[in-house]
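Structures incoming, each one as structure tokens.
In what comes next, subunit A is part of two complexes: it sits with subunit B in the first one and with subunit C in the second one.
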Partner chain A sequence: MRLKARTLEALYALFLLLPFLFTLLVFFLYAFLRAAYFSFTDYDLFSPPRFVGVENYLRLFREPLFLTALKHTLAYSLVVTALQTLFALLLAIALNRPLKGITAFRTVYYLPSVISTAAASLLLLWLFQRTGLVNQGLSFLLAHLPHLLSLGLLFLAFQGAQVAWARRRGEGVAFFDPALALLSLPLALLATYALGLFGVIGAQEVRVEIPWLPTTATFLGIPYPLWAIILMNTYTTIPTFMVLFLAGLKGIPQSLYEAAALDGASPWVIFSRITVPLLRPVLFLVVTMGLIGTLQLFDQVLFVGGSGGAPLEATITLAYYVYGNVFPSGAAPRVGLASAAALFLAGLTLLVVLLQRRFGVSERGWAG
Partner chain B sequence: MRKVVWILLALSGLGALAQTQVRISGWGGTDIAIVNGLLKEVVQPKLDKEGIRVVYEPIEGDYTQWLFNALSAGTAPDLFYVDIFWSESLFATGKVEPLDRYFSKQEVAAFLPNLVQGFTYGGKLYGIPKDFNTLALEYNKDLFDEAGVKYPNQQDTWETLEAKLRQVQSKLKDVAGLCVVADFARFGPFAFATGWKPFDEKGQTVLDQNFRRAFEWYTGLVKRGAARFAQDLGEGWTGGCFGGEKAAVALEGAWIAGFLRDKAPNLKYGTTFLPLDPVTRKRGNFVFTVSWSMNAASKNKEAAAKVLKALTSPEAQQWVLERGLAIPSRKALANNPYFQRPGKEPELNRIVFQGSSAQGGVVYPFKFRGYGGDWMRPINDALLAVITGQKGVDQALKDAQAALDRLTGRK
Partner chain C sequence: MNPKEAARRRWARLAWIYGLLLAFGVFFVGPFLMGFLASLKANPLEWPFTLSFAQVRPKNWAAAFRLGGMGAGDPWLGGMRPGREVTLEVAYFSREAAPPELAATIPRRKPGAGMGAVFESPYAADYVRLTGPTLVARQPARLGQEEGYVYRYRLRIAYPGKGPYLERVPLDLEAPRGALLVEATLDPTRFERRGRVASWDNVAPGLLGYVFHNYVRAFRETRSLETGQSLFLRWTLNSLFLSLVKVLTTLVFASMAGYALARLRFPGRQALFLFMLFSMMVPGQVTFISNYLVLKDGIFGLSRLFGVETLLNTYAGLILSGLVGAGAVFIMKQFFESIPREVEEAALIDGATPLQTLFRIILPMSTPALGALSILTFQGTWNEFFWPFVVLTSPREIYTLPLGLLSFRNAYGQVGDWGLILAGGFFSMVPVLILFAAFQRYFVEGVSVGAVKE
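What follows is the complex of A and B.
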């Protein structure tokens, strides 16, 4: 019997896909169906599951810890996705210039994403301790506020004088002319130093001791420890997305920029009318991946909230809530409840991504 | 020649068949060396005669997760460690074999009663304690000498100890008296000393006046200049501060010895009991302990029971004790010459051993019914909030009580 070429091709395809289909079926579909089943039972790993209807789902919304986790997850996801997309784009544009040694810069900027989350979390703990670098930096800044103020004022004065002088000679210069600033800045520095030397201005005694991690205090409704995680995660994810944007930028024809330059378009117009619209497919990818990734935040919560000493209420997310209920410390597993929470998280992720596609940025254009 | 080899091979195969295998598991880390040594030198020689071979499978990573999964999936070994902290929720599942059938009353009575009580659930014994720990107060002799302050001793009350710590902290500017942690595992003993109980008859937790007295004392140590908050010193436990000579005393069990051996081998330290409550003149303590327990689904229960007995036999415990590896659980060891040896480690081990007895005062096992960490969290949060100055005592205790009431169903 001879198989038709098309059938043969399909068989080959199926054969090559088999390993992936197998893992998909076993580790995704089967696991998903089991989780769905367990979410309607009171399963605890040991006694046979007993059907309890939607009780687990109802219980979730009566649990303050779950509601906190939900709030944190959504806030975290929105803030981090927005921040990392914006900064990755800006960084990519900056690194897309034909400059000498740009490859080295690209490598340097890519490095943060190579750090494992465990190592990054350790760094985070160290930076945000009460006597850590962040508080010390803030203390230093506040202590030297008089110096900084005088430096700023003196710089403006010197720059102003130079500009005025230049204009009087009929030279049209902008106020922040870099060439003039090159002279004003050292002058201002020297003058500030002199003022400090003569005791006109002096450092104050300031000690910032903000407990960033062991606290439930909030800023804009988000607890401090979660802000710390937001900062760190944004910092470590930007490089990955920056690479995607860089790839996208390479795909934009140079002729468009040249044409725009001939027409005298400003940088902002070039950015908003050429770069961003043509980057839409990448933008869609970055935003979608960002949303999915951030909604599943887990490991940093474990490191910072678990062993780092931040209270659970200040860092918990949905993914951690699921984990915490499957393996509660010192208590019997609550698999039914955890399954319900896991399915809720899956549904939420799907919903957020669909909403994003509908009202945010999509592959083809600005939806809505 | 080849034939002989084949016959030998066949014979050895038969020998293996006649042996009964007993699988045992515990966590990894330093325990691997201890159990391997114990098996090789004490346990296996004894069991060889009975035709029992012990297969040891240590678990690195999260042991609790592994055990719960393995028991649920039916792949768990015949014998395994059970930590007192999650023992009740595990015993409640019926996956652990009660041991009353295999051990006579006398055999059980040879172990410290506090520990046996810890592994008794619903009137049945579910585990033989292999070793244990309590909390003791370790002090840095050099730092106390340098500050010209008397060493802490077992007559100290909270107040006299605090006075000493305050002196050390004010004399040696960059050293804290104690570095406090916001953890019930360290604060609990002080609350027990007042007579407060974690659960009342109805199984509910009431943070009463006694609890409050201990809470105010403990959380106020930082403000009164006798301690610093561990996290502010970049540490997560009192032993870390102690080893780095950032604090003059630590509140830890005998596990600190191994840490100090590595981190600060020349540190001169002494050990004494936790201080007394000035009102009740009592002290409190926790028992942290681990048992060998048997899988209810084991196919070789009789053989497993023999292995269990060998693992907790007087010889095995003596072997462990002499190497200073852990503090074994038999009563008779109280008078062991090891504890009388000079040196910082035997002293530490002796105080920790005695911490579980009458000298330890009011001692509770480190377990909280089936609630585990969920029960400790409100109290830890309250400790943290007050120590870092984010809440007053009233507010913190009110919030903790509300969270505990939600957990235990108290109206």
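What follows is the complex of A and C.
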């Protein structure tokens, strides 16, 4: 008997899909359903699960540690997404020009985002030690505040003098004329150096020793160790999103910018009326990806905590809360509660995706 | 505005842009470069942070190379072997006309802290014989404003008789107050007791053993308690093995599944695709509980057919649970859809099966996509942390490199051995950095392809 062509094709498809279906069904669908089931039980890995209804979900919101984790996760997610989106966009706009050697720059910028979270976390730990490079950098800046101030003021003074001189000769130059500024900067640098040499301004004795990690102190309601993770992760993810923005910027017709330039539009108007609206699909995608990625923060919490590191209540996130309840040290596992927290996390993620679907443009826009 | 003026302005603007690009470059590479330099230092947390230190001076490179050759016949990794001898020269400045009394000792210093402290390696002090310091020269000299003399001493460290290979031979040199070390064959690792004691971690380090001493330590000091083998080396090989296997399974299975989704008609195709997209959005923290239990039971007891009780702490478990990711299938599906159908039609008319078409016609055309997928998969597996962390818990020999780095951090973080921790971190970046340097285009393109994956 000959199989009908349709059936044969479906059988071939089944064969080709078999390994994928195996992982998808066993390690995703089954796992997902089981987590949902566990979240309504009091399962503890040892005794058989007992149905408890929505008790776990209600209990979560009475657990101080869960509420801390939720607060941290939301704060971390929002701050990192905002920072990385903003800086990635600005960087992409700066890079979106036909310049010689631009590829080399892009490659270099991309470097921080190829390394593992483990290696990045080790670097973070070192950078944010009490005598680490971050505190040293801050100390240096604060110690040289007089120099920086004089550099800024002198730059403005030189620039102002040059612009005034040019305008007197009847040249219409903007205050931050690039050609004049290019002269003002080295002049200001030289003058500041000279002032330092003659002892008019001098470096102060400043030694910043912020204990970034072993502390529960907060800044703007976010603990210091979490700030350290925020800074580090913003830094490693900016390049990834910059690449997406660059792809999006390529899709904007150059003629629009030319027309705007003819109309004498200011850079801000061009940015807010042309670039941002036309980048909307990419912008939504970047924000969504940023939110989803940051909601799952786990590795860094583990690395930054631990011996001699940050206390858990200063860095705990939802993902860590889930893990910590399944494999607690020296206590009974609370799988039911952990599953409820995990599903809550999944719910947050799906909410973000749904919002993107609702308000953003579908992924057709970003492929570029 | 005259054209000359406009041109000048254009050039100036270009200069500003390049300046800005350079500043960004410093921002993105700076911390890495600083971290790498710090990983070479004896004290990575020194204040103030200096860019000029013993390990970056060519004079010391040459000396370390020579001393390593003298001590063990190995100018790269150094150490000392029986029957060999190392000579070292130091010069002290003193105002006194009488030579300063130096006291030299080979300290019994335990190598390392944390994991390294567990092992008793032979102490150099038990095997080598120190002769000197002997005064060999005295010259009048000036140091700044001060008049005085420079005294040169020679130290001879010999390893007579028979004995084990010594990885390192430390040396402490104590000088009286007023005597200042101004020159040494090899710059000391550190000064102790307000600069009166110059201390060498190893007087016969070899070039690599000197410049990359923290890296060499990372390999030497993390050893398995049972076998004494280097754990760090094992972790690296484990990660390499897992990443290569995962690349292989992903390439084969993602192409198969991607082709079926892109070209074959079967009931539920659209539903499967949507379900796949959904699976990419659910965080791993939801599924790991059940997956842990499934591996614990050996995938519903199936592994018992092969005589394996549980798949936890095995690579089989890790590989089977991640045979092919939805993101990889997505990438291949998108790629196959971009190939025009006409390519396959001739083959189909000749009666070729879908399998033949895929493996004979489509895949040979797909090298760019397969290349990108290989690199992304390798990078992803090499860097993966959460799931291996759940599956592989003991013994430490089976860790992957990121898990190893965590145990590193916990073993050495408490004592603040940051040189070792940084060295481990930087070493773990090497393969990915090499891949990145060679195929950076794929990385950058992969971001846009994998955009939905995250």
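We adopt the following convention: the second predicted complex is superposed on the first by the 300 of 368 C-alpha atoms of A that agree within 3 Å, B and C clash if a C-alpha of one lies under 4 Å from a C-alpha of the other, contacts with A are read in each partner's own complex, and residues count from 1 in each chain.
Note that in this section a residue touches a chain if its C-beta (ideal position, glycine included) is under 8 Å from a C-beta of that chain, and two chains touch if they have at least 3 such contacts.
This one's a predicted model, so the numbers in the text were calculated from it and none came from an experiment.
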After the match on subunit A, would you call subunit B and subunit C a fit or a clash? clash
With the two complexes superposed on chain A, say which partner A:215 touches: subunit B (first), subunit C (second), both, or neither. first
Pick one for A:145: touches subunit B only (first), subunit C only (second), both, or neither. neither
Partner touching more residues of subunit A, whether subunit B or subunit C: C
Scan A:247 for contacts with subunit B and subunit C and give back first, second, both or neither. second
Quick check on the superposed pair: does A:200 touch subunit B, subunit C, both, or neither? Answer first, second, both or neither. neither
Is A:97 touching anything from subunit B or subunit C once the two structures are fitted on A? First, second, both or neither. second
By the touch definition at the top of the document, which applies to A:309: first (subunit B), second (subunit C), both, or neither? both
For A:126, is the partner it touches subunit B (first), subunit C (second), both, or none of the two (neither)? both
Please pick the stretch of subunit C from 112-120, 184-192, 274-282 or 382-390 that overlaps subunit B when the two structures are superposed. 112-120
Can you list the residues of subunit A that touch subunit B in one structure and subunit C in the other? 45, 126, 129, 131-132, 307, 309, 327
Write out the stretch or stretches of subunit C touching subunit A in their complex. 1, 5, 8-9, 11-18, 20-21, 24-25, 28-29, 31-32, 34-35, 38, 44-49, 249, 253-254, 256-257, 259-261, 264-267, 269, 272, 275-276, 279, 281-294, 299, 321-326, 329, 353-355, 358, 379, 382-383, 385-386, 389-390, 401-402, 405-406, 409-410, 413-414, 416, 418, 421-422, 424-426, 428-429, 432-433, 436, 440, 443-444, 447-448, 451-452, 454
Seen from subunit A, its contact residues with subunit B in the complex are 44-47, 64, 126, 129-132, 211, 213-217, 307, 309, 311-313, 327-333
Which part of subunit B faces subunit A closely enough to touch in the complex? 62, 64-65, 68-69, 71-72, 85-86, 89-90, 92-95, 182, 229, 231-234, 236, 367-368, 370-374, 377, 380-381, 384-385, 388, 390, 406
Subunit A to subunit C touching residues, read off their complex: 6, 9-10, 12-17, 19-20, 22-24, 26-32, 34-35, 38, 45, 91, 94-95, 97, 99, 102, 105-112, 114-119, 121-123, 125-127, 129, 131-133, 136, 171-172, 177-182, 235, 239-240, 243-244, 247, 285, 289, 292-293, 295-296, 298-299, 302-303, 306-309, 318-319, 322-323, 326-327, 335, 338-339, 342-343, 345-346, 349-350, 353, 363, 366-368
